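Two complexes follow with chain A in common, the first pairing it with chain B and the second with chain C.
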Partner chain A sequence: MPKSDKFVIEAHSLTKKYKDFTALSDLNLEVEKGEIFGFLGHNGAGKTTTVNILTTLLEPTSGNASVCGFDTQKDSLEVRKRIGYLPENVKFYEDLTAFENLEFFAKLSGIREPKDKIEEVLDFLDFKGFENKKLGEFSKGMRQRIGIAQAIIHDPEVLFLDEPTSGLDPMGIKNLREVIIELNKKKGITIFMNTHLLSEVAKTCTTIGVLNHGKLIYKDSLPNTLKKFKDEVSLEEIYLNIESK
Partner chain B sequence: MQKIITIAGKEYQDSTRNKLFLILLAFLFVLTVTSIAVASSDFQSKVVEYNKSVQILSSLGKSGETISAPQFFPLKMLRGVMDYLEIIGAIIGIILGYLSIAKEKGKNTLQLLLSRPLGKFDIASGKFLGNSLLVLSVLAIEAFTTYFIMWSVGGAQLSLVEIAKLGFVLLASYFYVMFFFCFTSVLVLKFRSLPNALIVSFVVWLIFVLIIPQIGDTMDPDNQIPGGFFKSMSIAKPQEKEIMARFKTYETVRNAVEESSVTKHYERLSFALLGIKDEYNGKSVGYVLKDRWNDWVWVAAFFGIALFLEYFAFRKRSFLNKTD
Partner chain C sequence: MFFTIATVSKSEIRSLIRQKTFVLMLAVFLFMASFSAYIGWSTKNTIRSVYAQTVKEMTAQGIKEIPNNPFLSTPPLSILKNMVVYVFLIGSLMAIIIGHSSFIRERRAGVSKIIFSKSIGKWEFVLGKMGGIFLALMLINVISFALSFFSITIIFSHFLSISEAFNLLAFYGTSLVYMLFFAYLGLFFAIVSKSESLALLAPVMFWIFISFVMPQLTSALDPTALLNPTSIQTPAPQNNFFQIAQSIIHPFSVSESYKSIGRSLLQGDSSSYPLFPLVVYLIVVAGSCFYGVKQFNICEAEIDQ
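On to the complex of A and B.
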């Protein structure tokens, strides 16, 4: 059963251990509906583990989380119906065309006749004319668009993006940023984004959270953050300031 | 069910587009056709030779019945095919199992599949179903090709009982190939390194398919002389059994070594059904199945355990247990 309307993502005392290594430690997190949440942290901070738990791929060692009001462990199927996910460095099926890739994921999302839906999504992403090309022929930026397309084909309420700009050139980053903002504004999708690029956070996100060694050490809206750290000249300095504390 | 069929369809399509799989398949078919054509030709020449002998006797005014008609068991012609299925069939299972999971792990698409609204076992079921259909198609084409060559080259007609026996061999072959499929899938799911998983699969293949049966054969006293030790010494079956009874512990150990290999069980079962083991020639399907129930149970158990482990590996999702 759904728990709350205000927060689409809630995590309570979330802990994940891999034998002796603690990837996440007592994480408490709330993300409001309609936000673009930037999840920052160095490599190994636990960002991907958090996303894997929120997308129901992993079970936490202790604690619980809910997405769209559904428990990620008890109602994992309901959660998966409402989320879209683009993992880091996903290459898709290169010997299939863009249309075939999208058709496959659409059918797995329960869309029986996905042709119209695929056309609608490709139209939204300004990607028409490429649907019959094999993914092996695509640039990294084009593949990321297909990645976004498969993630939104079933109209999810929340979209999880794990380092979406990784490996993209400046133009690819700009295009993807525009897509993310449009998805949020036009389709009302809440976006949870793991990222390293602070410049992207500044231009895209409405709220930021900083994870350090599996613990959430900071969370606030971007305007408040900029106000709090008004002496710092850039978001990078703010981030380093937060991490050092 | 629709989602399972979607995954199964993609599995089937992916494998039939894979060059390595197609090369292996072509290799298996070339060997099968060659083996069965040679055996059929030999079979045909024996039939012709017998008919000629009858004709000669008739021309001499003697009845053809003075020489007893040889008993032809056309299924025995499948001896070579079974050897190839034991070796290459297992490799096909390994390659299909590897490709099925490695393509998802290597491209990070496994996370995409797992984040879809699928049931706990839908991915495992889809992959299993797609590859099962593929293996069954391969075996059915193999059986049809074999039957066609036996009929066209050897002039052999199979009775209903023989067709039923062939059907049971196909079923055992399906279990055997799918055991290697499931086993390799589990290793690829569990191992972080894809090449390591493949290497371990081939080590297991080597142990099951070549090493254990070879140890068993080497330990068999009857195999010490070509043609059989007891036969060459003109020792009759009852005496042979009497002698072997004195080596009961040795025989138990030898048998235990052989029984640890799924390949040996598959071989014993199929050789009995096809009459390659002379003692089963002309016996009913029921008799053979009853006499070799032990091998049926083992082949099915190897397959069943590997299948269970594959489903369990998907359920546990421990393959995602890595730090970022």
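On to the complex of A and C.
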């Protein structure tokens, strides 16, 4: 059953251990509806583990989390109905066309006649005309667009993006940024974005959280953060300042 | 729920049709299905001519008591008995490849994370896969049934009676169960294995054990029964090990079970239909697939080559 209306993502004492290694330690996190949340941290900080738990792909060792008011473990299917997910280095069936890939994923999301929806999403992403090409022929940027398309095809409430700019050229990054902002503004989708590209966080996110060695060490809105650290000249310096503390 | 399961099944069949290995094996299997009637017909003709020659010579020698033509009492379906061997060898291997490639496809493509972020549960997904495999194998057996039916009709100018057609249908039904067992075995190892080569090697090892080692310890003590769908011609050696091995293993030998049923249905010998091992094995291996997928770690789904 849904727990809260204000927060679309809630994590309480979330811990994930792999044998002796603790990937996440007692993580408490809340993300409000309509935010673009930038989840920062160095490689191995536990960002992907957090997203994997929130998207129901991984079970925590202890603690619990809810998305859109549904528990990620007990109501995983309800959570999945309400989220879209773009994994890092997104992959597809290379032997299928873009349309066939999207059709398959749309049907898995419960859309019975996905043709119109696919056209609508590709139109929104300004990506028409490539439907009948096989994914094997696509560039990284084109794949990312199809990745976004499969993630939003069922009109999710929350979109999880794991390092979405990874491997993209500057133009690809700019295009993706515009898409993310548009999804948030026009479709009202809450966005949870794992990244370590601080310049993108500054241009895209409304709130940031910093994860260090599996612990959340900072969380505030971007304007507040910039106020708090007004002596620092860039977000990069702010981030390094937070991490060093 | 049914819709998502059906989506996976449909995608499974589509992907199989696009696989060159599958298409090649299917072509060989269907060719053998058509050819088995011809081989049976050719064998029958050879024996007939040998019989006629023998009768001629015996009559010339003044022998009056001439034995009846052995083929007069054999039912038309018996000319298809080679099909038992083809299913036993080619069909089961093809089934392993179908089951293996079914789940490996997602793991190789690296799409497991996307799939399981959609509103489909792990068991629904594997049920969809199993459904797709079932439909593909059923289609293969239906086509084989049609090929056998028309081969007999054309070669012998003999239209099968209802009971003969039913026996032929039952034979392909049993073949479907036998092939499903191997397909689900391939699926199970594709789910639980860490590497792609192990995922294929493991069911093939099982196939070798079930097809060749188990029969050696049971009826294949008579060497002619290793591959052929014949009943035990000679008793097992009077040796404690073989006697105990036979009494323990034979009831559980899925290949013996299949060969016995195949023989009974095609040769009109209604002595035995030991369905028990076939059905039990199929249930066990299908259950293992569900257990395997429950333990399946989506975040570590990508497979090593």
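One rule holds for everything that comes next: the second predicted complex is superposed on the first by the 245 of 245 C-alpha atoms of A that agree within 3 Å, B and C clash if a C-alpha of one lies under 4 Å from a C-alpha of the other, contacts with A are read in each partner's own complex, and residues count from 1 in each chain.
As a convention for this text, a contact is a pair of C-beta atoms (placed from the backbone, for glycine too) under 8 Å apart; a residue touches a chain by one contact, two chains touch by 3 or more.
Given the structure is predicted, the values throughout are model-derived calculations rather than measurements.
Peer 1: Are chain B and chain C a fit on chain A, or do they clash, once the structures share the same frame?
Peer 2: clash
Peer 1: Which partner does A:110 contact after superposing on A: first (chain B), second (chain C), both, neither?
Peer 2: both
Peer 1: Does the superposition put A:21 against chain B (first), chain C (second), both, or neither?
Peer 2: A:21: touches chain B, not chain C.
Peer 1: For A:44, is the partner it touches chain B (first), chain C (second), both, or none of the two (neither)?
Peer 2: Only chain B; A:44 stays clear of chain C.
Peer 1: Looking at the overlay, does A:139 come into contact with chain B only (first), chain C only (second), both, or neither?
Peer 2: A:139 sits against neither chain B nor chain C.
Peer 1: What is the shared patch of chain A, the residues that chain B and chain C both contact?
Peer 2: Chain A residues touching both partners: 52, 55-58, 77, 80-81, 83, 85, 87, 90-95, 104-105, 107-110, 112, 150.
Peer 1: Per the contact definition, I'd like the list of chain A residues that touch chain C in the complex.
Peer 2: 52, 55-58, 76-77, 80-81, 83-85, 87, 90-95, 104-105, 107-110, 112, 150, 154, 160
Peer 1: For a test of understanding, state which residues of chain A touch chain B in their complex under the given definition.
Peer 2: 18, 21, 23, 43-49, 52, 55-59, 77, 80-81, 83, 85, 87-95, 104-105, 107-110, 112, 150
Peer 1: Quick check on the complex: what are the chain C residues that touch chain A?
Peer 2: 3-4, 7-8, 11, 15, 18, 105, 109-111, 113-121, 298-299
Peer 1: In the complex of these two chains, what residues of chain B are touching chain A?
Peer 2: These residues of chain B touch chain A: 2-3, 6-7, 10, 14, 17, 103, 106-109, 111-119, 317, 320-324.
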